[in-house]
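Next come two complexes, and both contain chain A; in the first it sits with chain B, in the second with chain C.
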Partner chain A sequence: MKQFLYGLVLYLFLLLPPVAALLESIMIIHMHMQMPLLILSGFLMARLIQLKFPDFFRKWNSNGVPGIMLFSIILVYWMIPRTMDEALTIEASELFKFISLPFLAGVPLRDSWKKISSAGKNSVFIIFIILFSLMGWLYIAADEQICNNYLRVDQITLGWGYVTMAVCMAIYVIQLIFGDHSEYK
Partner chain B sequence: MKQTQALNLQQKTIKALGVNTSDAKVSLSYLSVAFLTLLIGGILGLVQGLERAGLMELPPWINYYQVLTAHGILLLLVFSTTFTIGYQYANLSHALGGLLPKVRKFAWTGFILMVIGVVLAVTMVVLNEASVLYTFYPPLAAHPVFYIGLVFVVLGIFACCIGVFINYRHWRKNHPGQTTPLLAFFAMGVFVLWFFASIGVTVEVLTLIPWSMGIVETTNVMVGRTLFWWFGHSLVNIWYLVATSAWYVIVPKIIGGRHFNEKLIRLVVILLVILNIPGGFHHQIIDPGISESIKFLHVFMSLSIAVPSLMTAFAMFAVLERAGRRKGGKGLLGWIGKLPWGDVRFLAPMIAMIAFIPGGAGGIVNTSNQMNQVIHNTLWVVGHFHVTVGMSVVMTFFGICYWLIPYLAKRKLTPQMNRLGVIQTIIWTVGMILMAGSQHLAGLLGDPRRTSYTTYGDHPTALSWVPYEYVMGIGATLLLLGVIIQVYAVINMMFFAPKGKTAFPVSEPEDGAPSAPMWTERWGLWVVLLLMVVAMAYVVPIVDMIVNAPPGSPPIRTW
Partner chain C sequence: MKKHHNAIAIIVVLLFGTVLFYIGTDGFRAFTAESARTYKLLQDKPVFPSVTLEDSQNRSYTFKEFADGKYVFLTFMYTSCTTVCPQLEMNMAQVYALIPDSYIGKDIVFLSISFDPERDDPKTLAKYRTYFGSDGETWRMARITNKEELKELLDRLGVVVIPDGNGNFTHNSAFYLIGKQGHLLEMMDFTNIDEAASTVAAILNEEAGE
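On to the complex of A and B.
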């Protein structure tokens, strides 16, 4: 319950119009701070939802794969430059962002992560490392504005944000693969 | 239980065998260089203080900025680095039951690289080819050899880091299911932070070498400064982490107490490692090339360090109070009198800890945007780091000497040496209060730092600084006296004190204290988090500095 409340407070805070406007005013903060925080709010709120509807999760997400698929689809959708633009210009899209990221990405991530095997986890990491690297390359190398709402310098910044996060994930996976983590459990 | 037994067995073995001679040689070599540097740097400090106060004129063959650069490099970089490595390697050797032979090789390689590097860099300063101050960032340009010397120093640091990582990993592999001893955990924190902090300065120096040689015409000053402070501020916290290792683990044993909850101690180390590097931005609050919003963000990033610092403050007071009460201290403050104030091994680090209260408060002033505008580039800043480094860190280091050096040299701390240590501590404290105190006040009145003696044509404001500068000179004189006594004490304890056994004072947990959780050993995760924090902090400003860069600066020589 405590976690649900933390998640809810975070979600409500992110919903506040001045907060949303501030976070969305800088491209990298829009994508690499507001969006992950929305996922985190859903992740925190998920515990209560899991407890309230255990049958639902058992029926639809027994091995964690559907959940992680849904999480990935939502995340990939929001990585497309055009969707960020739409979130700023079309209200329905903005609404979808605030619903999809916490409830269709954060909640399934929480439910799936413990259910999927370590090979599954590594696959998710590797897919996102590749995706982040490609997106980083796209944002850094594109010589045109790919989002109408942001300047090119914002675009390059976001690109480097992607690359650094890909590097961090890669280091994490490498130390997971090569280290013995059985004793930390 | 098993873990405690294993630890006890290890302690007994170490007790029976005493210090490992080969490991002691490593530490003693580093410590010898440290105190030789302290002596030279201390003399330069006094010369500089007297010149700054207008009480002395330097001979024509040497100028104020040369002395200033050498003082800073020798004390802030060389003394602190060599002492830290000597002490941390001794801790590691003691805690992990000896260094691996290949780790010793890494330590010696580091030692040789650093000595070569320091000789190259200092020679350039002496030849008046590198009066670029200890911060050495552009547009001031030194002779290329100066930067090459710095590369050697950094390579030496990397060698020492790798040595620690290997030894730590080796121990973990051979002790499955056990958490590493606290001192080794601290050493790992220190060297992980050092490794990643040094990456910033390495990139900076490697770009400055072709620039100073004339191969590249210009350099991006903002990026250079940012990369320097990536390293510079982390270095401050590396010393602080080294000092806290003594506060948490050594001091409780000396006062006859027990150390605080191990989980909290480990959490403090982890937080200091993860959160540290972005703190460097508060050194650039006045830099014009960083937007207000980024500076605002970095106020939080800098102040986040206050969290583990306050945790330390509360934990240490609890440890002191418990020890005092155990010895019969009654009433609200009666326990204070029960602490061993006559023991230099306690007195010096205790004053160091007390100094961290004004030191930390001054740090908050420096980090706050508006207040920083008042004190920026004034003598206040010099006063601030003399309180934090010169007292909180260095006095802890001095306190450590009085058990570490006899332990390593297989000698004893005599009551005479202890008394001398107490006198040294008092002299140092008074000297530092006078010097750093007057520097703080003069800074508030606008007295600039990094400026040779001048009265600005006898301007009344500039004349109002003079009395404070006199006090600064008196403080500096006392401090040199302190340095001489300290160096004498170190030499005495290394070579002349009576032979004997000195214990390595490692405190134990309270009875029934829970054992440290294994998750604290997840260094891979801490490193990734550290890198993520660095990425969050640096990607936006550095891309901005490069994409929207002004024309670069050619090398500038002001002397």
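On to the complex of A and C.
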């Protein structure tokens, strides 16, 4: 219950128009802070939803694969340059962002992550390492403006942000594979 | 039974994803707001609004007077630009060279519009045009001094210009072709010179053949 409240407070805070406007004014914060925080808020709120509807999750997401796929689809959708632009210019798109990231990405992630196998987890990491590296390269190398609402320098910053995230995930996966985890179990 | 449910859930999720991406990208056509804008503009075919131009020779006239029932090949730029604009104008010069001489001035005219009227006075434009071989007649460079008119034009043709605070602008670039009735006919990739030239030439040839 406490977790749900934390998640809800975070969610409501992110919904405040001045907070949203501030976070969205900088490209990298829009992409790598507001969006992950929205997912986190859903992740925290998920506990109560899981407790309320245990049958639903047990029935439709028993091995975690549908949930993790939904999570990935929502994440990839918000990585399309156009969607980030439209979240700023089209209200319906902004609304969809605030619904999809917590409830269609955060909630299924919470429910699925424990259920999928470690091979599944590694595949998710590898897919996102590749995607983030590609997006990073795209944003850094592009001569033209990809998002009309942001300057090119913001675009390059975002590119490096993607690369940094990819590197962090890669380090995590490498230590998972080569590290000795027996002590932590 | 559980496996069964999982499979159904996966199919539902995949279907949802496909529909989401289909709608979000205009049927997998437009992955950036810019390409979406181009797609929408070409569907809408907006009319070139009424604006007054002031060219490099200090002459003032409306766009309509300048076009005078001809096709107009159009770009947007500002002379202090050090990145895209020189490339844009250089490529425009190549398109100009590729269009058969017989059409130039008679069926089609070229125009570079500056969206930085404060700095791009006629004197600056006169100097700038010589860098690209614009003759100042069949290819003119002009500014729009009326701010409202300029804004209306940029909005109408979907040109997004963001000042970066250091006297430069981040902006999208394309070749525009305005039809004889003043409607937007084509928006072309300015980096693809040959394709733009052949598109324009094909339109002119078709017209001449009639």
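Simple rule for what comes next: the second predicted complex is superposed on the first by the 184 of 185 C-alpha atoms of A that agree within 3 Å, B and C clash if a C-alpha of one lies under 4 Å from a C-alpha of the other, contacts with A are read in each partner's own complex, and residues count from 1 in each chain.
In the analysis below, a contact is a pair of C-beta atoms (placed from the backbone, for glycine too) under 8 Å apart; a residue touches a chain by one contact, two chains touch by 3 or more.
The shown structure was predicted, so the numbers you read here are calculated from the model rather than taken from an experiment.
**Student:** Will chain C clash with chain B on chain A after the two structures are superposed, or do they fit?
**Tutor:** fit
**Student:** What is the contact status of A:L48 with respect to chain B (first) and chain C (second): first, second, both, or neither?
**Tutor:** neither
**Student:** Just to be sure I read the superposition right, which of the two partners does A:V65 touch: chain B = first, chain C = second, or both, or neither?
**Tutor:** Touch partner of A:V65: chain C, not chain B.
**Student:** What's your read, chain B or chain C touching more residues of chain A?
**Tutor:** C
**Student:** With both structures superposed on the shared chain, find the angle between the C-alpha centres of chain B and chain C as seen from the C-alpha centre of chain A, to the nearest 10 degrees.
**Tutor:** 110
**Student:** Contact-wise, after the overlay, does A:I73 reach chain B, chain C, both or neither (first, second, both, neither)?
**Tutor:** The second partner, chain C, only.
**Student:** Report for A:D85: first if it touches chain B alone, second if chain C alone, otherwise both or neither.
**Tutor:** second
**Student:** Which of the two partners, first being chain B and second being chain C, lies in contact with A:Q145: first, second, both, or neither?
**Tutor:** second
**Student:** Nearest approach of chain B to chain C by C-alpha atoms in the superposition, in Å, rounded to an integer.
**Tutor:** Checking C-alpha atoms only, chain B sits 10 Å from chain C at its nearest point.
**Student:** Across the two complexes, what residues of chain A are contacted by chain B and by chain C?
**Tutor:** 153
**Student:** Within their complex, state which residues of chain A touch chain C.
**Tutor:** 59-63, 65-66, 69-70, 73, 77, 80-83, 85-86, 89, 143-149, 151-153
**Student:** Mind listing the chain C positions that touch chain A in their complex?
**Tutor:** My answer: residues 2, 5-6, 8-10, 12-14, 16-17, 20-21, 24-25, 30-37, 84, 160, 162, 164, 170-173.
**Student:** Mind pulling up the chain A residues that touch chain B in the complex?
**Tutor:** Those in contact with chain B are residues 26, 28, 153, 156-157, 160-161, 164-165, 167-168, 171-172, 175-176, 179-181, 183-184.
**Student:** Which residues of chain B touch chain A in the complex?
**Tutor:** Within the complex, chain B touches chain A at residues 176-177, 293, 518-519, 521-522, 524-525, 527-528, 531-532, 535, 539-540, 543-544, 547-548.
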